[in-house]
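Letters A, B, C and D mark the chains in the order given here, with residues in each chain numbered from 1 onward.
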């Protein structure tokens, strides 16, 4: 995989599996081309799939307006020995620094950003011209064991 | 930071009570005060029982106070160091320069009896 | 056989105040992460699969051990809850434990053994049940033995509690003196009682007294004494004339000059007295400091280059007119010469040559020339070419005699200006090395810009400082 | 989302099949009468190959409701992918997680 891949999806939770499956396919293609024999990069693939899924669901959830025309833009690009995904929407701005929920209060939501942060090596949030962009990067190799 | 003269046992001994932190922010104050205390005496006890933290600039100041006291034929003894402060003194080898006593009264008595540590 | 490692927060919770942010299973003992000792033992005992279960987070353990490929075993992880009885723990892991013999290592314990070879047959032949127990844990066997006919008598191992920072400290010391060889991390050079990792630089005049364990990328500077009984982690600098004995220095620690670390544990900027468990956090980076790993990361190389190139370009634009002016002025009077100087480059074996102006005139002209750093003007172009930095170490000249090579340390990054000039540190080579080394590990691109400006201004006003 | 149920020693074992994500979580939460009341149940996750934060939230929600009503939920058969989600969210601290559903059900009630 050498070029970036872009897709636009309606801001509707029914499309989450398309985002999720695409993220997985992209991660499989990328890791497969970078010497990933069977199973070796399973964790990379799982993490990438899950993080993109979470980012997409977040975007859908935060765009709680009746405006059906809203879209979510997802871009995948290989970068620095890893894979970057950015998820952009036109929702109101949000604070990406919200602290993780206290697990002992049995929270039923709020895990999304925590998970993205744990799964990816780097995340960035930007707000520009009415767009939120969450950019996430995961290295193919585990930085701890090189 | 409190200064008082103890003359109960004969010689005038300046007892300096250090509290809180001695660091880059307040070490000049100690340095300056010490110069004025030197007018009254050259024998000092630094009571460190309330001293919680010392950094290298604070340490440097105390060492320079010691040097000045020695120049005036006096001494500067340390008393009641907390374990944390004494760890910093040991780390920087400053502990080798000072006579160190478990409490202030022992340090004061040592001036009278002439005992070393 | 399989091994189940059960480790609970109540057993290792005490570690967190001494090693914040590090999971106790990856805290090193004689430079080897604790979990590796347990895995080694499990493997020697004949296990092909190991599962680690805990009521706490195992994230960082998993990041370190992954799937166990490195040890040729199958490594898995599981969760239990705080109040689970040992029986419940076994039930929760029933599928893992059902088929086979299972060695259960329960608690935060260190297992000591002398005879590697005998462990496998011992565990195959011993009948099930609790084998050994100490106050913070136990070892147990479940399942049916292969052959009990030759049931061995004495245990080929013993347990050590890890319940306080003092027990951790003493365990390090004991391993170092009594049983080093079975436990040393692979890849270390194995001289008796002196185990060293890769890229260890011991400067002339430094002393290493056995027994010691020293990790990778360690620099022991001039006049420093390391040992006896010292455990030095990886990425550690012991600066000049400091002593580290009967002590443990953990990874990524900078130990300043002329310090005595005796009977202590140093980790980043904290110093612990194991006996009393007192802990001091130094605020003074020149004494003890954690090393900034981020500054070394690959990703920053580009940013650093861009920052350096930008400032070099700015200085070129600023100085080009004065430079040309001097050049023309001095050429006319035949006082302008250039001298080709070859310096050691940042990478081993690489060097670069710069034609530096050498002017033969005295007085204010000459002083103005150096004050404006015009004597180094051609070097800025090497910055643009990415060969050197705008700020870093004093470039060391390559000389016929080979002199200078010993001075090259792993953080050596030649540059137009040196950190020593920025800090207005004495220019003597030994002295300036301290500052350079400090920034070599701590510097950030933003800091570099500030320090370059400082160095430039310091050169402009020589001798005006104290 | 399909939900299968079986019974072991009088304990209901609920087995969701498929992905437990934001498009199926609400369906799952209302998918079994055993999710309310004071009974003890086991959720067998062996047929769940993907879970996201919403799916996790639904399990936490069921656990909270059951425990408030005096019942309990145990989980069984988490694959690596699912376990990772419980690990990074700390949700493992709320659940009793078993290798197999029958053992999870066995000693209850």
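Basically, a contact is a pair of C-beta atoms (placed from the backbone, for glycine too) under 8 Å apart; a residue touches a chain by one contact, two chains touch by 3 or more.
As the structure is a computational prediction, the values presented were derived from the model and not from experiment.
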Work out the mean Cα position per chain and let me know which chain is farthest from subunit B.
D
Report which interface contains more C-beta contacts, comparing A-D against B-C.
A-D
Distance in whole angstrom between the CA centres of subunit A and subunit D is 26
Round to the nearest whole Å and give the separation of the Cα centres of subunit B and subunit C.
37
Determine the centre-to-centre distance between subunit A and subunit C, using the mean Cα coordinates as centres, and give it in whole Å.
33
Calculate how many whole Å lie between the centre of subunit A and the centre of subunit B, each centre taken as the average of the chain's C-alpha atoms.
60
Specify, in ascending order, the residues of subunit D that touch 2 or more different other chains.
88, 90, 93
Please set out, as single numbers or ranges, the residues of subunit C touching at least two other chains.
59
Inside the complex, what are the residues of subunit B that reach subunit C?
23, 53, 55-57, 83-84, 87-88, 90-93
Using the touch definition up top, name the residues of subunit D that touch subunit A in the complex.
19, 21-23, 50, 52-54, 56-58, 60-61, 63-64, 80-81, 84-85, 88-91, 93-94
Residues of subunit D touching subunit C in the complex
83, 86-88, 90, 92-93, 95-100, 103, 106-107
Applying the document's contact rule, which stretches of subunit C touch subunit B when the two form their complex?
258-262, 264, 271, 273, 276, 278-280, 282-284, 286-288
In the complex, go through subunit C and note every residue touching subunit D.
55, 57-59, 62, 77-82, 84, 88, 91-96
